[in-house]
Amino acid sequence: MNIQTYSQQLIDAGRLFHQRGWVPATGGNFSARLDAGRMLITASGCHKGELTPADFLEAGFDGVPIGAARKASYETLLHCQLYRHDAAIGAVLHTHSIANTVLSRRLRSIRLAGYELLKLLPGIGTHDASVEVPVFTNDQDIARLSATVDAHMKRHPATPAYLIAGHGLYAWGADVAQARWRVEALEFMFECELHS
Amino acid sequence: MNIQTYSQQLIDAGRLFHQRGWVPATGGNFSARLDAGRMLITASGCHKGELTPADFLEAGFDGVPIGAARKASYETLLHCQLYRHDAAIGAVLHTHSIANTVLSRRLRSIRLAGYELLKLLPGIGTHDASVEVPVFTNDQDIARLSATVDAHMKRHPATPAYLIAGHGLYAWGADVAQARWRVEALEFMFECELHS
Amino acid sequence: MNIQTYSQQLIDAGRLFHQRGWVPATGGNFSARLDAGRMLITASGCHKGELTPADFLEAGFDGVPIGAARKASYETLLHCQLYRHDAAIGAVLHTHSIANTVLSRRLRSIRLAGYELLKLLPGIGTHDASVEVPVFTNDQDIARLSATVDAHMKRHPATPAYLIAGHGLYAWGADVAQARWRVEALEFMFECELHS
Amino acid sequence: MNIQTYSQQLIDAGRLFHQRGWVPATGGNFSARLDAGRMLITASGCHKGELTPADFLEAGFDGVPIGAARKASYETLLHCQLYRHDAAIGAVLHTHSIANTVLSRRLRSIRLAGYELLKLLPGIGTHDASVEVPVFTNDQDIARLSATVDAHMKRHPATPAYLIAGHGLYAWGADVAQARWRVEALEFMFECELHS
């Protein structure tokens, strides 16, 4: 697959998330792995529901843009952490929904149990399971925040996704489609929790 | 009517349900009766809001696909149970909404009474009625779950629809249009119950 | 204006209401006055979010269809009551939202006060006002229900709209646009009340 | 940029806000600065989700239309106040959402703290901040209301936006895009507060 295919998949995901209200203003950012050392990532400051091919750039897994005129997303290092942590991760989607924001401000960790949609998450084959989605304290020092996330994921390799308090969800998958389905499943379960 | 007509009706129903948020990720599945012994059913693992004609296959009412390259939906046997139970059932739609998920985790049965939209359900001609929508415990053993549903429906033939806890709604009708209208009516009443 | 113009306005209103979730299944019905003795009204049993020109028929203000093959809406007499009550009424829209259904099951009358959008209602020029939207008990005998509504409106000529318990809103205006704006304003205020 | 560009940006913003339910009926109004003394503003009484180029007119910052056949929005003076108050303001958007209406009826001022989206607001570079969005009592005397707003903003120059009780949000930015993003960010945070 080439860059055009990836950017179109991320543009489509953004349009859907915008309809759902999950990427307000310039919130959210998306990326896809291009190869063992590079990713395609949304540029800083654009609206994720109205992306065009010009809103993407390439960057290495150290977060440094490759020959790009535009600045990479502010939170690029959080994407890098995931691609470096697990070579099977092919796409990372960060959303910013009402449900995930409210829950992440209220709880230190969100336990999801008994939902059929848990089966969408990595390594889970039954509703009769439970997962912990950790909530990290927000931090404008993204290098420090990504180190905190990395340390947590090394201790808890089954972490299926994570939240940043007042800031949103990071989810991932083998490709953009799987990452998007996981976002849909997680946002659905968060909304159920909010109504419970 | 031919297969193309049925698949288009199910594609359209899926698109609407996706706009409503009733088929997140790969949740939900849909079918239509083709004749006395066969149905058209959504394939396993596809997104029900973005179906194409290639996402359907034929299967017998024993759940075995007929000459299909793709796997039938994981929950095929629940569709089979309904078509075998009542020859007047022409379509089965399974949705996965916030409201039905939250209620199905909270209650063992949902009693709906006094709604004008009750008139959409089988055999009901007035709002001044009440129906019981049973909630079955979720089970990854679908053969066992369909036997439980079947036993319940034999004892309670007026069952208008049913829920699986944490998993969603099964509704049906003489054709896709009627099944869809019943889904709309039931999801509406569930949402009202959630706000009550 | 001719019949095509009116039916197109009602089709467009229905599409919007469907997006909002205000006309689930076959819920709701719409009409527009054609002249001093006739109206255009939606046929019985169709989906109000997917209307076509074939889904309308003409009827007199006694509710009797004029040369039509299709049955008029079940609730035709409620439309007749309004057109006979006030010659200035040019359109009647009946919606069936979550908010109006939940409130109408809970309250005998809904008092709306202090909303800027009150200015959309007949005879109101300031937010610093209050209106009473009566809630009538649902009744499958529509002739009897329309007589109850009529008696109420004769005693309370300032009634801006009304609800039927568990069934929905009736609103009206000089034309389809004004009736639709009043529906939007009323549904908005009902939703605010539901969150208060 | 010319008038066509500005009106198209405001038409697009209106369409999005309408999808979100933030401009019900004839609620809301929008404007953009044309130069040091003139603005383009929506005409009185039109639906802000279905604007056409004919629904705009030019007016001075005293609120007087310039050579226009149509009446300017009833709340024109509130737009004038902002353009006179700060020459950096290039666009003003007034929305009318469920969340902002409910909160504005309940509270005298809304404090937003700890949200990542605070970074969209003027002068804020971290989530670890808090802002006060004042709520003014509604007043049909718009000249008096705009004087009240002006006095408040002179005392509190960091005011990022304001609410009118039961009436809605006024937000602004250097251009239409920034004003719209701020509306999205503020409405998002209001909705989070409503669920908290």
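Going in written order, the chains are labelled A, B, C and D, and every chain counts its residues from 1.
Keep in mind that, in the parts below, a contact is a pair of C-beta atoms (placed from the backbone, for glycine too) under 8 Å apart; a residue touches a chain by one contact, two chains touch by 3 or more.
Keep in mind it's a predicted model, so treat the numbers as computed, not measured.
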Intersection of the contact lists for chain B and chain C = none
Request  = Could you tell me the distance, in whole angstrom, between the mean C-alpha positions of chain B and chain D?
outcome  = 45
Key: Between chain D and chain A, distance of the C-alpha-averaged centres to the nearest whole Å   = 32
Query = For chain C, which residues are shared contacts with two or more other chains?
reply = 19
Message = Taking the touch definition from the header, please name the shape of the chain graph: line, ring, star, complete or other.
response = ring
Inquiry  = Under the stated contact criterion, what part of chain B meets chain C in this complex?
reply    = 19-20, 114-117, 120, 125-128, 181-182, 184-185, 187-188, 191-192, 195-196
Message = For the complex, give me every residue of chain A touching chain D.
response = 19, 21, 24-27, 47, 96, 98-99, 101-102, 105-106, 138, 140, 164-168, 194
